[in-house]
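Here chain A shows up in two complexes: once beside chain B, once beside chain C.
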Partner chain A sequence: MSELLKVEALKVYYRLPQGVVRAVDEVSFSLERGEVLGIAGESGSGKSTLAMALAGLLRPPAVIESGRIIFDGLDLTKLGEGEWRKLRGRRIAVIFQDPGTYLNPVYTSGFQVAEVYEAHRGGRASRYVELVKDLYRKVKMADPERRVHSYPHQMSGGMKQRVLISMAIAEKPDLIIADEPTSALDVTIQAEIVELLKELKSETGSSIIFITHDLALLLEIADRIMIMYAGKMAELGRSSEIRDNPLHPYTRGLLSVLKPERKQKLASIPGSIPSLIDPPKGCRFHPRCPMAMPECSRVEPRTVKVNGRTVSCLLYEG
Partner chain B sequence: MEAVVRLIDVRKYFPAGAGILGFGRKYARAVDGVSLDVYGGEVLALVGESGSGKSTLGKIVAGLLEPDGGKVLYRGEDLFRILGRRDVRHKIQAVFQNPDSSLNPRLTVFDTLSEAIKARNPKLGNSHLLEEIVKLLKVMGLSEDHLVKYPGELSGGEKQRIAIARALAVEPEILVADEIVSSVDVSVRAHILNLLMDLKEMYKLTMIFITHDMGLVWAVADRIAIMYTGKIVEEGPVEEVFKDPLHPYTKMLLTSSPSAKLVGAYVDEKFKARGEPPSPIDPPKGCKFVTRCPIATKECWTQEPPLKPVSANRKAACLKI
Partner chain C sequence: MSLLNYTVYRLAQGFITFLGAFLLIFLFVRLLPGDPARLIAGPEALEEDIQRIRAHLGLDRPLYEQFITYMASLLRGDLGTSIKYGTPVLEEILARLPYTLALAFVAEALAVSVAVPLGVLAALKPRSLVSQLVSVLAVVGASLPVFWTGLMLIFIFSVELRLLPSSGAESPKHIILPSATLAFFLVGNLARITRAAVMESLSSNHVVTARAKGLSFNKILVRHVLRNSLIPILTVASVQLGALLGGAVVTETVFAWPGIGSLLIDSLFFRDYPLAQGVIMFTVGAFILINIVTDILYALVDPRVREILWKAA
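Then we have the complex of A and B:
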């Protein structure tokens, strides 16, 4: 496998009147071609900001403070909007949580998918109807002949997500960024969409960055998982390793919530997620950490490699 | 065990589309003939996907929505007849998913809780009132500092705890909890669930726990009832249903659910998810699940399977069992 994406010490800050929100703070990782990387985190972990940065969709007050995003040799942090327009939708595609809000209610779904071709290949959208039908078949839309003429309100949430996935895969992108793509869907519909994404991935060889708060779901779909907490990477490793042998105390906490013993007290993580304007000094997790040591409130942990995994925790430093 | 609440063939239809002069009006069958016993002191999980009717059923049990047909009995009496009685009104309380829409933004925590306590104990003096409220906050893992705060100043988890505290302030016997941790982050969720289980012991509560998350069912519930388009398709003890589900929809639900997989529930690729639920306005004639069922045969399209006992404590509604 070869490397498609490399993120180096990325910092994305929101400069607000109340202060600077360090939404993504020195995050580094890489992504292989054909790999599914899961990014898990709770609200305020910075996972969606990271997604927006990777898709070139950050708008003020969010700015890339420093760091690099190298995509196939190209530094994405240096691109202007014109260059992004050529890249986005063709080589990097995005799927968001609530498909309804990304579809225009006054155009048919098929027309909106055809617009992707129009934007990149020129000509009128109507020329691409047959291609759109092919796409609908590929995403296993029920009754594709009819659905290209359906308006968004005539479609269920699952169908609308299939429309968005059609748009995303239309130009066979190298990278698909999926930000909570199934969180608004019922679990049986989610299972179908996840199955579909897996199939499409093995067919097109696209890499997928799958972002969600649902770690249980990531354990099924992702090759590797990065756990984020309060703008920092807590841990990064293969899914099976994260599941069977989590290193970071935060990951351990999350997993014990997800794997409850029957009718026993759930292992809970005390406290709540910190403000990113004034995050705790030292390790950002230390006020909630059951294994915190005195130095955790002073020393910010570096990311270290432990048996091929990456973890940011003083327990594993020297 | 004795049933505290007994539902007998309960129905709730909502009008959908006007028709012409009332003719040809269609109805969405949100709850379509549900019979169910809720036993004293148990946690009954009511599970289903959106549109299954689980929330509507929860509102009916909580006395917030009157059914169009059937009966809801509370200790043998018709709930909707006796709901006005002071000794009954407080017995059943409900907490919902979004505390923002159930807490009054212009009342402080003190005001919210004192309103509830006074409803139960109108003659309570001010000093005792404060004492009660502080006691309640302590139980919820909150402090006296929260007394003067408005909902806007609280985190999501804190707001949900205030909503639970308010429900408990009137000393209910039955608590209907509808997706109460769905909007709360995972790390905060465990805390609220632990609290709820402690309270259940402390107040000897009977709980109807409505959720779509199978992992939560495993963690907290004694029994599970699974709904699909307005009907209960399977009912039984959680361990048994998770290990050995009977209804094909239960099998599909467990196979699809990542959180069920993590606790070692039944998985069978044959029951991999497919299709979408039918419209509640115009459902199939026979079994409602027939359009998605991998083992359906001809008679499933015409014959509606009743929910019937399969063993001493389990029921299922499927012609193939």
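Then we have the complex of A and C:
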């Protein structure tokens, strides 16, 4: 396997009047071709901001403060809008969370998918109807012949998500960023969509970055998992390692939440995610950490390698 | 097919609205204090002459009888005879109509072609000078009296620069100043609405999707931003056009423009019932038609509206 993407010390800040929000703070990781990397974390952990940064879709006040994103030898942080346009939809595609609002209500679904071809191959979108029907068959859309002419409001949430997936896989991109692709769907539809993504992955060979707050889902489909907390990477490891031998106390907390048989009542990690304008000093997790030591409130943990695994926690330093 | 059904349905509905409005107009015009017979006869007239004129005009009959007579002649396409001019009302209106239509459409077209680009630019750069200009125009344009704007334009372009005629309607050049005056009044409001609509579209998620596809900026702007901003713009523009078709009385007076508005004022001052009725009916009809056209345009712009409206039909 060869490396497709390398993110080095990436910082994405929101410059707001109230202060600077450090949504993504010194995050580094890499992605192999054909690999599925899961990114898990609570709301506000910076995972969606990271996704938008990787797709070049950040909007002010969000800016890439520093760091590099090397995609197939190209530093994405230095790209102009024109170069990004050639990349987006063709080599890097995104599947968004809420398929309802991410489709334009005034055009047919088929037209909106065909726009991907129009953007990268030229000509009118209407030329590509047959290709769109093929895509709809690939994503197991019911009645593709009719659905290309349907408007979003005439389709269910699951169908609309299949439309967005069709857009993403249209040009067989190297990288698909799936930002909570199942969170807005019913549980049964979620399972279908996850199954579909797995199939498509083995078929297209695309690398996938799968972002979700659902760690159980990632344990099932991801090759490796990165756990994010308050804009920082807490831990990165193979799914099996994360499941069987979590290093970071936050990861352990997340996993214990998944195993309700150990406690009668619904488990949770006490406290809530901190403000990213004024994060806690030292380790950002220390106010909620059951294993916090005195120095955790003073010393910011570095990212260290432990037996080939990556973790940011003072327990594993020195 | 559904479009045709819907249009027919709306026209039928509009006709019923029109009849209702017609009854109200008939009554309200007659409720105005004053007597046309007395105005025609003059202040020195004998009471019996006035009675004779009144009988001649049919004004001595009970209201319901007048109404039936009027309806009957209306069905024959006869709007009655103007009391003041002695000519058929339809003839009077048709003589003025082209001027009103021309002024209304030119003014609105001018307003739209300035306001929409201005509003879009302002939305793309909310902190720019253009955006501030839109805010200023919205207040200034709507609060400066039309007659003042008109007189200023006459002063600059007719008196000082001697470029454009100040009154009358003899040549195409004559329409420039009155339509510019009206457009100045309309442009600010329309630009402000455009800016708000475009800003809202710009921030919607489907625009992120459009960017994620790799579409060019122009295609995103036209297809995924402007198209989705059209409904509020259409709404305001059509209301403005409707008001203009009712006659821009002040502007017509300032520029001696021979439109419907000045005809209406004349007829009301003279208690010229048939003429006043005719003009108001025309105005009501124009409003109803514009509403129908606007709803059809909504349906063409937005498939969700289309579904709801065509189900209603």
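Assume the second predicted complex is superposed on the first by the 312 of 318 C-alpha atoms of A that agree within 3 Å, B and C clash if a C-alpha of one lies under 4 Å from a C-alpha of the other, contacts with A are read in each partner's own complex, and residues count from 1 in each chain.
FYI, a residue touches a chain if its C-beta (ideal position, glycine included) is under 8 Å from a C-beta of that chain, and two chains touch if they have at least 3 such contacts.
From a predicted model like this one, the values you see are computed outputs, not experimental measurements.
Chain B and chain C, once both complexes are superposed via chain A, fit side by side. Of the two partner chains, chain B is the only one that A:158 touches; chain C does not reach it. In the superposed model, A:103 makes contact with chain C only, not with chain B. Of the two partner chains placed by superposition, A:70 touches none, neither chain B nor chain C.
In the superposition on chain A, A:214 makes contact with chain B only, not with chain C. In the superposition on chain A, contact of A:188 is made with chain B only, not with chain C.
The superposition-derived angle at chain A (between chain B and chain C) is 80°, Cα centres, a multiple of 10. Contacts of A:268 after superposition on the shared chain: chain B is touched, whereas chain C is not. In the superposition on chain A, A:131 makes contact with neither chain B nor chain C. Taking chain B and chain C in turn and counting the residues of chain A each one touches, the greater count comes from B.
Think of it this way: put the two complexes on top of each other by chain A, and the tightest Cα contact between chain B and chain C is 10 Å.
Common to the chain B and chain C contact sets on chain A is no residue at all. By the touch criterion given at the top, residues 55, 57, 81, 85-90, 93-94, 96, 98, 101-107, 112, 115-116, 118-120, 151, 153, 164, 167 of chain A touch chain C in their complex. For chain C in complex with chain A, the residues that touch the partner chain are 204-206, 208-217, 219, 223-224, 227-228, 301-304, 307. Residues 42-43, 142, 156, 158-159, 186-192, 195, 213-217, 219-220, 250, 253-254, 256-263, 265-270, 272-273, 288 of chain A touch chain B in their complex. Touching chain A in their complex are the following residues of chain B: 49-50, 155, 157, 185-191, 193-194, 197, 212, 214-215, 218-220, 238-239, 252-253, 255-259, 261-263, 272-276.
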